[in-house]
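What follows is one structure encoded as structure tokens, with my remarks underneath.
In this document, chain identifiers A, B, C, D, E and F correspond to the written order of the chains, with residue numbering beginning at 1 in each.
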Amino acid sequence: MSILHIVNKSPYEKSSLYTAVDFVKDSDVVLLIEDAVYAAARGGKAAEKLSGLDISVLGADLAARGIGEDKLIDGVSVVDYAGFVDLVKAKDSTQSWL
Amino acid sequence: MKLTIQVNEGPYQHQAADSAYNFAKAALAKGHEIFRVFFYHDGVNNGTRLTTPPQDDRHAVDRWSELAREYELDLVLCVAAAQRRGIVDDGEAERNGKDATNIADGFRISGLGQLIEGAVQSDRLVVFGD
Amino acid sequence: MSDVKKLMYVNRRAPYGTIYAWESLEVVLIGAAFDQDVSLAFLDDGVYQLTKGQNTEDTGMKNFSATYAALGDYEVTKIYVEKDSLDERGLLLDDLQHLVWEDEDEDWAEKDSIRLVSRAELADLMADQDIMFNF
Amino acid sequence: MKLTIQVNEGPYQHQAADSAYNFAKAALAKGHEIFRVFFYHDGVNNGTRLTTPPQDDRHAVDRWSELAREYELDLVLCVAAAQRRGIVDDGEAERNGKDATNIADGFRISGLGQLIEGAVQSDRLVVFGD
Amino acid sequence: MSDVKKLMYVNRRAPYGTIYAWESLEVVLIGAAFDQDVSLAFLDDGVYQLTKGQNTEDTGMKNFSATYAALGDYEVTKIYVEKDSLDERGLLLDDLQHLVWEDEDEDWAEKDSIRLVSRAELADLMADQDIMFNF
Amino acid sequence: MSILHIVNKSPYEKSSLYTAVDFVKDSDVVLLIEDAVYAAARGGKAAEKLSGLDISVLGADLAARGIGEDKLIDGVSVVDYAGFVDLVKAKDSTQSWL
């Protein structure tokens, strides 16, 4: 079964993202919301942790933090809240790495 | 899809409370059913009617009440968490000898079983917290 | 019993610094009445919840650590502890409480509740759950 | 030594509220003066009289009230933070049209200037938070 | 002016995820009336508070980023940004708002408020403070 | 002037301690309270970050977490709340690394 991993904390402040990525399987998606969206910014040290994973980022939270889509690492999908809902439906369960 | 949403943090301090609201609204707009929103830990602080945010800011409590009215949502505050944080309805006020209540319109106080039941009865549980 | 779901409580926080550990244990106790297929996972700072010898007297806080030993009585018998988290913190299995349950099918033989697992094994277990509770 | 103590988190959720209380009690026992305890952010939730913790647990609000009574402490809740979280005294209830109050004995609501003043007037500022 | 103290507001949190950034900015604005020797330090995730182009519309939250530009009018002119924190996050000075103040003593010449500092320099500045505010 | 650096978060969950130690000068003391006391436990990966620093740990918080004084790294001082107050007085200012 597939999991939607939801991460909401900055990787520079908390270890949640680093733990979460250890639990991601091929069929899973990682959704970055709130302060976790900083992880997907190009040039940041946390970005490398995301390579090879299926990553989505909440657009509303990117915009709030002034991160243009041109500043994201390659391969991430930007979704709105409706897309967040779709991801919850598309996967069999959700896990929030608080 | 039938959803139960869990909210672990209070309004304003953590964005978790905003994210939960925005997610709930989007799910309802797409025609999904929200079986229950369960407020746990400091999340119970979303259910006080005594809040007065600045006029140029969102009203984190009223918008839950309005969403509940529009979609007949079941907004449940955990009783044990509410007692620790001082969120009180008429029944709790009487039981615990309190001289006031502060629960907001559209919320009710109930037990933790409501969280488990919600999770088991729903297709998905989505948790928002710190 | 097609309506039995697999529920996992995922514990990643230290006790006392925040209330999450204590209030999530309250969920587990209430949830035991629902006759679901329940397991608990302890990883990251969550492994600290199970340490022996907690004494909160001088902090004025409530010591809830004895409650973990009661989980067996609530038929909560699958307690997964993630090994990397122990290692990183310099903890041994022996630093944790010895949690047991009694197996009705084997004449109430006492069995260990704690199962040490790797990250990969815990990931497999998570992938198999219907519902994960996060606090 | 004259102290101002700042508390950024509410009761029970974070140990910060306990640490602040234990520190204050120890400082007073040693004969130091506490000029002010300033509750900011979710810290204002320490000042609600509607709390009813389990009987075998500490009462995080009442013990502040008792300490204030014993040592004539100045316990100040930030007004802006209190409005966002729904902590209300008589004046705030009237100003904002609220039908109830929930402030606990020994606390008062005032402005952020009280924090700055406390810090400047004291020998030390000690902050407890998340 | 022996009663002027050195006050530093230490900002280490990202905006929006929690309210600390916003409510601590409120303290700075109120504190400006107290005629003390004030400075602000931004390090760790605190450097994100100053980024350009913040648009909170789709989150429903209040956008307070414009307030930083008003700090100069409140005579808050010393804003220290720690360079290692920028580097680790892949940020350049140019990603931050251009904050300025007008120097009364030099015919209201516009000057930069932000001063890039190393960790060692910021440590020296902290050692020199009477009071540090932490949120 | 000297600073009392107060750290209250687990070094395994948050980055606060790692930042704090970069700002500690010779005349300063680091006081570990709440979940930060885990940092002083022998054998933990965070312990090495404390070497060479003047470290105090709040005894009440050690006991709550079941950490015997025999399990601490060498050279740390265990204080009670009264000792915490004394440290605040002994240093010129305090900084809480929240």
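We take it that a residue touches a chain if its C-beta (ideal position, glycine included) is under 8 Å from a C-beta of that chain, and two chains touch if they have at least 3 such contacts.
The model shown is predicted, which means the values in this text are computed figures rather than measured ones.
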Worksheet item: Looking at the contacts, which chains touch chain A and chain C alike?
Response: B, F
Worksheet item: How short can a chain-to-chain path be from chain B to chain D, counted in steps between touching chains?
Response: 1
Discussion item. From the centre of chain C, which other chain's Cα mean sits the farthest off?
Written reply: E
Worksheet item: Between chain pairs E-F and A-E, which one is joined by a greater number of C-beta pairs in contact?
Response: A-E
Worksheet entry | Gap in Å, rounded to a whole number, between the CA centres of chain D and chain A | 37
Discussion item. From the mean C-alpha coordinate of chain C to that of chain F, what's the distance rounded to whole Å?
Written reply: 28
Worksheet item: So what's the Cα centroid distance for chain A and chain B, whole Å?
Response: 25
Practice prompt. Hunt down the residues of chain A that sit against at least two other chains at once, touch-wise.
Written response: 8, 12-13, 15, 34-35, 60-61, 80-81, 93-94, 96, 98
Worksheet item: Could you say which residues in chain D touch two or more other chains, in rising order?
Response: 8, 12-13, 15, 22, 41, 54, 80, 84, 125, 127, 129-130
Worksheet item: Listing for chain E: what residues touch at least two other chains?
Response: 16-19, 44, 59, 61, 131-132, 134-135
Worksheet item: For this entry, which pairs of chains touch?
Response: A-B, A-C, A-E, A-F, B-C, B-D, B-E, C-D, C-F, D-E, D-F, E-F
Worksheet item: Which positions of chain B touch chain C when the two form their complex?
Response: 6, 8, 40-41, 80-81, 84, 111-113, 115-117, 119-120, 125, 127, 129
Fill in: Touching residues on chain A, where the partner in the complex is chain F
12-15
Practice prompt. Would you tell me which residues of chain A are touching chain C in their complex?
Written response: 1-3, 15-16, 19, 22-25, 92-98
Discussion item. Under the stated contact criterion, what part of chain F meets chain D in this complex?
Written reply: 6, 8, 33-35, 60-61, 80-82, 84-86, 88-89, 93-94, 96, 98
Discussion item. Which residues of chain C touch chain F once you look at their complex with the stated criterion?
Written reply: 13-18, 44-45, 48, 51-59, 61, 63, 65, 88-91
